[in-house]
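Note that chain A is present in both complexes that follow, paired respectively with chain B and with chain C.
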Partner chain A sequence: MAIFLLRRIGVMLLTAIALTFIVFVLTNLQPNLEKVAKFQGNVRMTDEEVTSWLGKNGYDRSMVARYGEWLGVVPGWTYTDDAGKVTGRCIDDDNADQAQTRCGVLQGEWGHSIVFKEDVRDIVFKRLGLTAKLMFWVMILMVPMALVLGVLAGMREGTRLDRSLSTISIATTATPEYVSGVILIAVFASSAVGLKWFKGTATSAMDDITFANFTLPVVTIALYGMGYIARMTRASMTEVMTTQYIRTARLKGVSFTNIVLKHALRNALIAPFTVIMLQIPWLLNGVVIVETLFNYKGFGWTLVQAAGNNDVELLLGCSVVAVIVVLVTQLISDVGYVFLNPRIRIS
Partner chain B sequence: MTKWDYDGPILEIDKLSISFFTRLREIPAVMDFSVTVRPGEAMGLVGESGCGKSTVALGIMQDLGVNGRVVGGSIKFKGRDLSEMSPEELRDIRGSEIAMIYQEPMASLNPAMKIGQQLMEVPMIHEGISKSEAWKRALEVVTDVRLPDPKRMLNSYPHQLSGGQQQRIVIAMALMSKPSLLILDEPTTALDVTVEAAVVDLVKDLGKKYGTSMLFISHNLGLVLETCDRLCVMYSGEAVERGSIQDIFDEMQHPYTQALFRSIPLPTADKNSRPLVAIPGNFPLPHERPHGCNFGPRCDYFEAGRCDSGEIAMHPVAGNERHSTRCLKFHEIDWQAPLAKAIQVESGEIGRPILEIKDLKKYYEVSANALFGGSQKVVKANETISFTAHEGETLAIVGESGCGKSTFAKVLMGLETATEGSIRLDGQSIEQLPIEQRDTALVSSVQMVFQNPFDTLNPSMTVGRQIVRALEIFRIGNSEAERRARMLELLDLVKLPRAFADRMPRQLSGGQKQRVGIARAFAGGARIVVADEPVSALDVSVQAAVTDLLMEIQREEKTTLLFISHDLSIVRYLSDRVMVMYLGHVVELGSTDQVFSPPYHPYTEALLSAVPIADTSVQKKHIVLEGDIPSAMNPPPGCPFQTRCNWKSEVAGGLCEREVPPIRDFGDGHQVKCHLREDQLNTMDPVITFAAE
Partner chain C sequence: MEPLSWGSIIAQIFAQFTPVWIGMVTVFVLSIRFKRRLGLYGKLFDSTVGMIGFALVLFWVFTALFAGSIITHDPLGQLSGMKNKLPGTPVPDGVDVYAYYLLGGDNLARDVFSRMVSGSTIVMQIAPLATLFAFMVGITLGLPAAYYGGKLDMFLSFLANLILAFPVILLFYLLVTPEIVKTGLPKYMAGVLFLFPIVFMVVLLNARFFTQPAKRAAYLTATLVVGLWIYLGVAWNTDPLGIISVPPNILIVFVSVVFVNAPTVFRIVRGLGLDIKTRDYVAAAQTRGEGPWYTMLWEILPNARGPLIVDFCLRIGYTTILLGTLGFFGLGLAPESPDWGTTINDGRKLLSIYPHPALAPALALMSLVLGLNLLADGLREESLKD
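Showing the complex of A and B:
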């Protein structure tokens, strides 16, 4: 088991490096850098000025070298101008002598956000924490509901119960969040219907989560994700219910309830488990719409801001986090899969 | 609980009809089926696949699914009509009064539940006993089914057990609440011959010990002869003949029963003394059954205007109240008439040696963990195989699963390369040539017929196109028209109508598909054809036809046929020489007569004794091998067979455990790999003898 984990983590690191490199290349393409130069310097810079600005700020070297610097395995760039003043990646103000030679993600230097005027690392972790809260409640609501729905629909295929539950799950998944969110706000938070049970904005939930201010965003995401997992669970459940060992159980005289709970459930959960774990990274990026709609300033909202304002360092920071979250959840899902399914237990 | 006393028959099925309902039509699966099982009696139900025998079993269990319904007749269990019971009453009976054993043990055990839990569940539901008591009972029953280390068994998951052990667990599960009726649905089809013999032995003993009545469903007449008291033969949804084993085996009164017996090979006879007679035609589909007698169109005694005029009822056979047949003409047919003498076929000339194999070894290195390596282990799939195959010869390779016969085929085909040793085809070494590096001539001269015709044809290509494709690969014919002409010739060769060229594989029956497979193998004028269990997936009545076809083509083309099989009956029938393999070793090699008569290798002896023979006049020596075949990953030291050998005690000084025996030659190419002295081997009696002669 330990070797299995070590190997998996090794593969994960390789994947992380490959993925971040791709994101680095895409965000550091030449036209993008020109935009950064004009944003930082002067909108009306000439082409020559842009080139010299890029040179002064360490953007004129090869992509691989810059990626190495960003990662922190290659010494940061320095630039000595005509006046003899040294600037560089790792040099903050004037203390060029004390600065480290390397400063990248590995050293904990994630760069500086040009939009928020803060350290990228601080922004990312603060926003991630807010989104984690949202995700936690979504999971708490979505997973049990989806499993119950899927199992109930799948245990007797083709019955009226199956068809109505399947319709519900298809309908919720087919409704995009920006539609269901608006409907929910209109029904439960506005004076249009008059049921003013909840608040239409979740801004206050960033400090203090209450039933009133957090229900609508959570329900909006949960509804959308639920149908998908429920459909997977149903498919898996119907398949299990037709297997021979379920027939064995039935002909042993096991009651229907016990067949579902003791014999079918565990086998039926193996397939949806992977899907549920895949939902975590999906939630992380998929919350963009809901966070914007309910003005909840979490990770997704930050991502939108960073992309909209060409904030390269912040975008990179966000993508690192996203990559790590995806890989870690996949590791957890593989380990959990082994746990659920004794056939592939590692000896 | 719900066990009640009743003096009459355990099971009475009276004029039962079961139909499945689809959107299109009603499909009758079982029609007018009657059978009675008395206490302690074992009833056999025999028929080909699709004849409705499993439907009867599920009908008794009242588990026909959403589409199935009993449309007529009654099923009475101990005097009570099962179809009138409420779901609760049925649940009480299932598992406690009627238990079932299934065809595929792996699929019928819950993969995510420990064996112990699955066993304990039965008495806990039906008798309401406590967990600890159930555990004790489970331990007892698992010991009864002769499984080693019962405690460890109960704590294992199904996938950790071998196929034979899983089937014993399924049997144990059925016996947990001491049922009155046990339904066995092809319980040994998925198992090896020696394992099958042990399981059948066990079922018989347990039936006696617990006094259970049995309904034994099988397509294997030999097995039924060994296990049952009475027998019911089914054809296309109807019972065609019913009676005691002796009645049916020795005094059959229905043409189908007779045809069935004539189409199965026996290990006591070869192709010249008792040629197989294939049943002409195909099994009718349920909605295409003929009017009148269902067997009519395939029957030798068919009389137009009489056999197809209306429903035929069961007629009792005079002088024997419990023997009846569904034939109008059974009085008129001379059942003792000898078989019309089939054309005596001379075995093809055996020519010069073509294939020479010397000390061939194939080792695999496998990691303990499939995904990420770990410690390396060596699987010795083939150990020093040496033999020569001649032109026009049929060499059978016999052995149970895991003996390395398929690995050998792969090495020969070039799908794997040999670790050591040599394979010479016409003097040319090919053991290190993978299939990609073989030239067209070589590829087309070494071809294969596969076991499962259902998976080896591309489902989205017409039959003709697939054969033409093979011809293209073998670079035969200069134009599309030429290849098409050759393809039609090939269809003639395998006796398929030329119109089949434009059909899709799904429109063909299993036997027809296998014919296409054979046509494809012989497309490039193959010199050597490896037939890997070519008929084992087919129904009994078409096996004979496909076997005969294969031999006929072989005779004409002078092909060397390497016939891989686990079925000794068919091996005896068609092969010139036999090679017996066990755990990668060739343990015996010789002509068919040499191998089938003493002196035997101890494994050959056990293998022969394990084959069920559908002939009441045959007496067999009863040899049951204990345990399973050891894993090739972890073979025993010394002789590979020493863990199960009954003769081991005869060899002094534990030689069997230390050294691999040398190959001993008994003259005429008969080789045996055993430590037994020659005089000891000569004391062996023949396994199969005729009682009457």
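Showing the complex of A and C:
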């Protein structure tokens, strides 16, 4: 088990480094840097001025070296101008002697957002908190509903109940968030239909969550994810219901409710656990769409803003978090699967 | 003129779709008549769910084909006074051939109905083709990974997992932004990804006709000539005859969708390959002395076709969703393009006052993806019956 874990974590770290490097390269390509130079300096800079600005700000070295600095494993750049004044990556103000030699993500220096004029780390964690609230309610709504749907459909395969529930779960997986969100807003929040039960935006939910402003975003994300988990649960449930020990229990005369609740359910829930964990990175997509649609300024919204405004360091910070979320959930799902299912032995 | 009532709007729309109905009825009558001779496709007509799914998909296929005669107005044309008008509003006198905006006007006074119909053409052009390309890439890499195993498998699986660990939207933003496009990266990706179908076809034919040199030479030359001609036109926009060319922004959308889909296909093919390569008929082929590529492409691949066809249907739906996502974030396609994602994005700003411009494309997209999912479900059920 320990070797398996170590190997998994090793591969995970390698993947994380490779992914962040790719994002780093793609956000630090020459055209991006020129845009940053013109944004920070002057819009009407000539090409030579741009080149010298990039040189002064440590952008003229190789991609690998800059990635190392950003990560915090290579000492940060310094630049001494003609007057002998030292500037550098790790130097905030004039006292150049007291500055650290390395300052990167590993040291907790995530850089500075040029659009929000704030420290990237602060922005990312503040926004993640807001998204965590959203995800919490999504999970509370989605997981039980999906499991109930799947178990009900799977316990008697081929019945009318099974067919109608399966069709419902297919329909929800076929409706991406930007479609279901639009339909839900049109029906429940627009003046054209006139129900107006909920609000069409969730901006006010950032400070104060109410039933009216938070229901639609939560339902929108939950619906899309629900169908898939329900289908997986159904598949796993139908498989369990055909096993020998269920037949034995039936022949012994155990009631159907007891068979489902006490004998089948526990084994049928192993596979959905993996699916639910793997669903989290997938929900990240939904979060980005829903937060944009409902104007809820969480992590997904920040990602879109960073990418849309070419805010390099914020985008890097966001992608680090996104990549870590994906990799950690993958790890948990793998380890949890082995843990929950003692029949699997890792060698 | 009076605005139309809902009943007559539906009647008018129904009439407008006449070519689609004719096409659908023809296909269904012929297919049901000869369903015993049509293999898996014929069996589809035994399952209600599959038939409903097929009908929905067929509806959009024919709509995309006949879009030119279904639309009532120019999808990009604006008529003054029709901004955000409700469904069934008559057009100002003497302006246009068709007297009504059947599903109303959007915030730029364009006809919602015509935009929805011509949006289907864009989706139907990109989604199935992009899925097909993703499959060719996935198969060409997945089969050797499963067959040879070892270092090759480890390397390819690591690459696939790498791409899969990327949040899709981040990837889109990174690939589609103008700065990246300026560096030519999507173009090089197109250059690499579009080589795979040619490699696939060449290897496929080469393995099959290895023992018949005359046939092999003929087939390979034909494939290479046609393939490279299309490749030059599509990927590099340097078609020597100047017939084939793809607008650069469509190419970028196409490439990013293929790139996102290919690793999943790779994983599926690899999983199926690992299972099938232990079968007796593979061992028999190896004993006969068949080459590795023949075994992969003519022994393993045909036996994996069931799950692959089902996944192909599902994946076209997923690609449609991805295309919509791209449009929703205003990435890639031109802002006035009538594709569904862009139209939804346009309409969402005034959603709580005028929902109709966003609802029409939203429902269209949903029905197409639902149709593909039901079709896949029906196919899976029927293929499991044997």
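Please note the rule applied: the second predicted complex is superposed on the first by the 319 of 347 C-alpha atoms of A that agree within 3 Å, B and C clash if a C-alpha of one lies under 4 Å from a C-alpha of the other, contacts with A are read in each partner's own complex, and residues count from 1 in each chain.
Here is the rule we use: a contact is a pair of C-beta atoms (placed from the backbone, for glycine too) under 8 Å apart; a residue touches a chain by one contact, two chains touch by 3 or more.
Predicted, not measured: the structure shown is a model, and the values here were computed from it.
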So, does A:L251 touch the first partner chain B, the second partner chain C, both, or neither? first
Give one of first, second, both or neither to describe whether A:T78 is in contact with chain B, with chain C, with both, or with none. neither
By residue count, is chain A touched more by chain B or by chain C? C
Touched partner set for A:T87, first chain B, second chain C, both or neither: neither
Report for A:Q100: first if it touches chain B alone, second if chain C alone, otherwise both or neither. neither
Counting only touches as set out at the top, which of chain B and chain C does A:S204 meet: first, second, both, neither? neither
Touched partner set for A:T51, first chain B, second chain C, both or neither: neither
Name the contact category of A:R7: first (chain B only), second (chain C only), both, or neither. first
For the chain A and chain B complex, residues of the former touching the latter: 3-4, 7, 158, 243-245, 247-255, 262-263, 266-267, 270, 340-343, 346-347
Which of the residues in chain B come into contact with chain A in the complex? 61, 63, 66, 91-96, 99-100, 102, 104, 107-113, 121-122, 125-126, 157, 159, 170, 173, 368-369, 371-372, 374
In the complex with chain C, residue positions of chain A that touch it: 11, 14-15, 18-19, 22-23, 26-27, 29-32, 35, 163, 166-167, 170-171, 173-176, 178-179, 182-183, 185-186, 189-193, 200, 281, 284-285, 288-289, 292-293, 303-304, 307-308, 310, 318-319, 322-323, 326-327, 330
Which chain C residues qualify as touching chain A in the complex? 49, 158, 161-162, 165-170, 173-174, 177-180, 182-183, 185, 317, 321, 324-325, 328-329, 341, 344-345, 347-348, 351-356, 358-359, 362-363, 365-366, 369-370, 372-374, 377
